[in-house]
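The following pair of complexes shares a single chain, chain A, combined with chain B in the former and chain C in the latter.
Showing the complex of A and B:
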């Protein structure tokens, strides 16, 4: 079906401003992705999947300017022993990064996967993204596959002793970054990947994650404090038998963020937990869009998303659990909740279940509410001042999402960032 | 300690007067009990004293050691030494019991200009006091009152009281929902805190709690007023004959 004229024009205008990197072995995948973009068109205001989030500034030819936030504070995970990989405005920085050497894992820049003939990477690039275009179209992810200018390929074959930390720094007010990472976790291997930082004025990031049987990936992300930045991110995860994927995202700022998580449980007994906590103040729009497909027996999936909103901030949650025919004994859980600290903020939620198997347990819930006055009085009656009591209840509200982080040290860092956010708003 | 004079209170949202001139003085170190039929205003009195929203004081005063309670925020009343053991303790998911108590204890100490307790000092004290109330380490770690049985919730209230060391304790139907053993445990907890000039106002429907927490003075409350006061024998009279006789006599 031909695209509407306006959409086609907008798409072509955006494409005209981009140059496909000279990409050797990924060329074919990139060309195919470009064809997908042309076929789908970039997201527009009338698209159902973008009903609650305006994509205009994510697809415009140039990135809207975004001031660089300079707090002189160390990066989020600086206290942890980690392998640091730094990108500045979407460009890998060898000077700022550690040597990419770590036992149990091989890390290469995307541009090197061809000359080094890294088979798994060549075979994975663009594949999970392409799979993830059905049944819902994700044109910004296809755009990413076609035009990504940098990224890393992470091959996990053992159990590295420290996390791999992707740190995205924002330096230019007009930067427009497109990064694409691919991750392969081999059988029984286990790794923690951290992501932090605002990345650019506008950031389009795609990560394709392939977890083999018995593999485990922990993912903890914090999206940076730059208030004016925009981001559209996609994580595509394919999971083998008895594999584990646990992802948590913290968003404390950003004028516009759309985080899509597409998870496909293809092997029996796999476990996928996807969680997020966001706190938004004022001109803040945050969208979590999650699509989990159960295509194997006895798998567990959990979605836990919590949003604290004030001064007119907007939170969006679109979450779906699709249980395919034959995916018996599925255990699916989804909760999305917002705590509205005033009457100006809003939370828009669209939870969905689609089930084609008859022996499954799936539940979902979505709520929106204010601070519990009874609990507030209880705390105050014990001598806790109102502001402290409100903060305690706000953190308590977010706790269920933060508790999805298995590592206590990482969870503590996230909690302290949330406390800082609350303290700044006293 | 606590001096209430001609207290008139109505619900903010409706034109309904609940307390119609309460006069009550609780001396330092004394235990006073308030009994009365449903709807007489007992719980309202406890809420008004602790500063809960939704009530409007139209007349009268309430002072704690000479300080006007009604001008203070709930947290200021707590720091001044007032404590209310709730009839229905509130569940707070996501807030650990221990964290909550330490925050409360230190907030009060800070408000009074005292030094805050270190984590170690606090831990030592709470372990000792929790043990006396048969509250185990697991219960201290769990979120405040979440998944607690009725008895556990009430014991947790008494633990908070023991940790906060208030001067004036109000127990709002602390016996409701308790079996005999749990009631004894709670009463022992309360009795352990008696003395040192600490005063209690025990609100209850039934005399049986007063078998365990022996009051110095018993008040009967009806239709928003204290209608009769006397010694512990007044509670027995209620137990034996109900409120009808007393109320008839007052009328």
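Showing the complex of A and C:
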């Protein structure tokens, strides 16, 4: 079907402002992705998948300006023993980064995968993204595949002793970064990947993750505090038998964030947990869009998303569990909840189930409301001041999502960041 | 019913449930009435619209209204978003108007109606004689006198055959007649309310309906009147290749109450037929309307051939404060269902309720649900939806709960459960939840667990064993929905009572 004229024009305008990197072996994948973008067109306001989030500023030719909030602020995970990889406005910084040497893992810059002849990377680049375009189109991810200017290829073959930390710094008020990472976790290998920082004025990031049988990947992300930054991120994860994928995202501030997670459980007995906590104040729009496909027997998936909103902030949740025919014994759970601290904020949710197998246990729940007055009264009657009581209840509300992080040290960092937010914005 | 017989039923789904679904799925109303019909030429165009208007002896303003709708319709596209698939409908290959020849001269009373038509309704169990008790309804004898009477408006293809108890209703001030009659007799009411709940340009099918609707029912309950009996419309599609487009308009004025029932059947045929109705309900201050449907259009045979495409727009506007509406539907028929009875809760303290059981078997596809739009303060809504799929059927709950910024202190509770019998069918849930103020509470639940764990725990704590506890909770819950149906539908509903929710999927 031909694209509507307005959409086609907007798409071509955006494409005209981009140059495809001279990328050797990924060239074919990039050109195929470009063809996909042209076929789908970039998201517009009338697209059903963008019903609750206006994509205008994510697809405009130039990135809207965004003030740099605190360029010197250390990475959230700076106290952790980690292998640090730093990108400044979407460009890899060898000076700021550690040596990319760690036992059990090989890390290369995207531009090097061709000259080093890294087969797995060439075979993965753009593949999961392309798979993830059906049944719902994700044109921004295809745009990313076509035009990504940097990124890393992480090959996990063992169990590295420390996490790999991707730190994204924001330096220029007009930066428009497109990063694409690919990760392959081999059989029985295990890794933790951390992501932090505001990245750029506008950030389009795509990560393709291929987890082989028995592999495990932990992912903890903290999106930066810059108030005016914008981000559209995609994570495409394909999971083999008995593999494990656990992802948690904390979002504090940012004028517009859209995080998409596309998970496909293709091997039996795989486990995928995707969680997020977000706290928003004022001009803040946060969108979690999750699509989990069960295509194997006896898999488990969990989605836990919590949002605390005030002063006109908007929280969006679009989650879907698709259980394909034959994916029996599926255990799918999904919860999305929002706590609205005042009357101006809003929560918009579309929690979906699509089930074609009869022996499954799938449930979803979604609630929205204010702080529980009874609980507040209880705490106050015990002598806790109202503000402290509100904070306690807010943290308790967010806890279910934070508890999805397995590493207690990392969970503590997240909790302290949440406490900072509560203290700062009171 | 071959499909279900061969299905391996999962452990935990009890036989009673399977039998009940099988029973419901045997179509009993597939016969045809052999009667001479008069058709308008095939297809739809301004001339057909004018012809329908003329046949109904409508005033000029009505004809213009229809033509404007038709003009609008030609610019619209068929909606694609529902989780249903069917061959493209050729809108020019249908008859838009069909009436029994004997209805050319409108009969003045039921005594003059063609006996063949009366026999048709008799056979369907819908007596058009003004008798006191509905045939065969158990327990009706014990009901209070006024509760036993049901006034019926019978619609046969494109025309209303007759309306019973009109005189008695008139005494109470209630107007109950066909919409074509209302356009002639009460133009001021029709003009004031028609199209105010479902605007002409609302959606593709509603717009088509606005252009070509041939008949339907009209109800007006004056202020403070409690309608002395249940009102009912029975829709029968009989002619081949004919679309049925009926329009229902119900107005409950201040402080009034009415309970309205709707039933529908069609003969068994190989080719699919289109049914696109619009129902508008206006509820003023302190008024209450109950609208119940047992939809039993021909669902197509076990190979998915034929059946009715049921594309219906139903909406209630709770305009006045403390007004109340309750939709109850049992959807067992139709090859494709596309239906979302909705509530606009405009008045403060108004209430909307939606209870639904949708059963899809063989190749049936049901995409149904509701919209609860909270505009007024302290408004309440409740959604209870049960979807059952068997064979190769697809069953989707699609709903919207919207809390506007001014709808302070409002409440919504939604629960949708689905049950799959066999591994070739599908059950889907597509809820939209929009909360734009913080004093409102919205809860949406769709669970697989057979029953709520807390309730189960409570029962077990009181010494029941697990099975007893499950039976108690499930039974209580299912009855909740069925009890919302008026007694007159008890016969049809009884077949569904046995359905338990064991092994259900959210």
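Note that the second predicted complex is superposed on the first by the 423 of 426 C-alpha atoms of A that agree within 3 Å, B and C clash if a C-alpha of one lies under 4 Å from a C-alpha of the other, contacts with A are read in each partner's own complex, and residues count from 1 in each chain.
Here, a contact is a pair of C-beta atoms (placed from the backbone, for glycine too) under 8 Å apart; a residue touches a chain by one contact, two chains touch by 3 or more.
It should be emphasised that the depicted structure is a prediction, and the values quoted were computed from it without experimental measurement.
Enquirer: Of the two partners chain B and chain C, indicate the one touching more residues belonging to chain A.
Expert: C
Enquirer: Touch check for A:236: first (chain B), second (chain C), both, or neither?
Expert: The answer is neither, since A:236 touches no partner chain.
Enquirer: Looking at the overlay, does A:92 come into contact with chain B only (first), chain C only (second), both, or neither?
Expert: Once the two structures are laid over each other on A, A:92 reaches no partner at all.
Enquirer: Would you check which partner chain A:421 touches, where first means chain B only, second means chain C only, and both and neither mean what they say?
Expert: Neither partner.
Enquirer: Applying the document's definition of touch, where does A:248 land relative to chain B and chain C: first, second, both, or neither?
Expert: neither
Enquirer: If we overlay the two complexes on their shared chain A, which of chain B and chain C does A:359 touch? Say first, second, both or neither.
Expert: After superposing on A, A:359 lies in contact with chain C but is clear of chain B.
Enquirer: Which positions of chain B touch chain A when the two form their complex?
Expert: 50-53, 73-75, 77-79, 83-84, 86, 89-90, 92-95, 100-101, 103-105, 107-108, 111, 143, 160, 164
Enquirer: What residues of chain A sit close enough to touch chain B in their complex?
Expert: Answer in residue numbers: 373-375, 377-386, 388-389, 392-393, 395-400.
Enquirer: Taking the complex as given, what residues does chain A use to touch chain C?
Expert: Residues 48, 325-326, 328, 338, 340-370.
Enquirer: What residues of chain C sit close enough to touch chain A in their complex?
Expert: Touch residues, chain C against chain A: 10, 81, 83, 405, 408, 418, 420-449, 503, 505-506.
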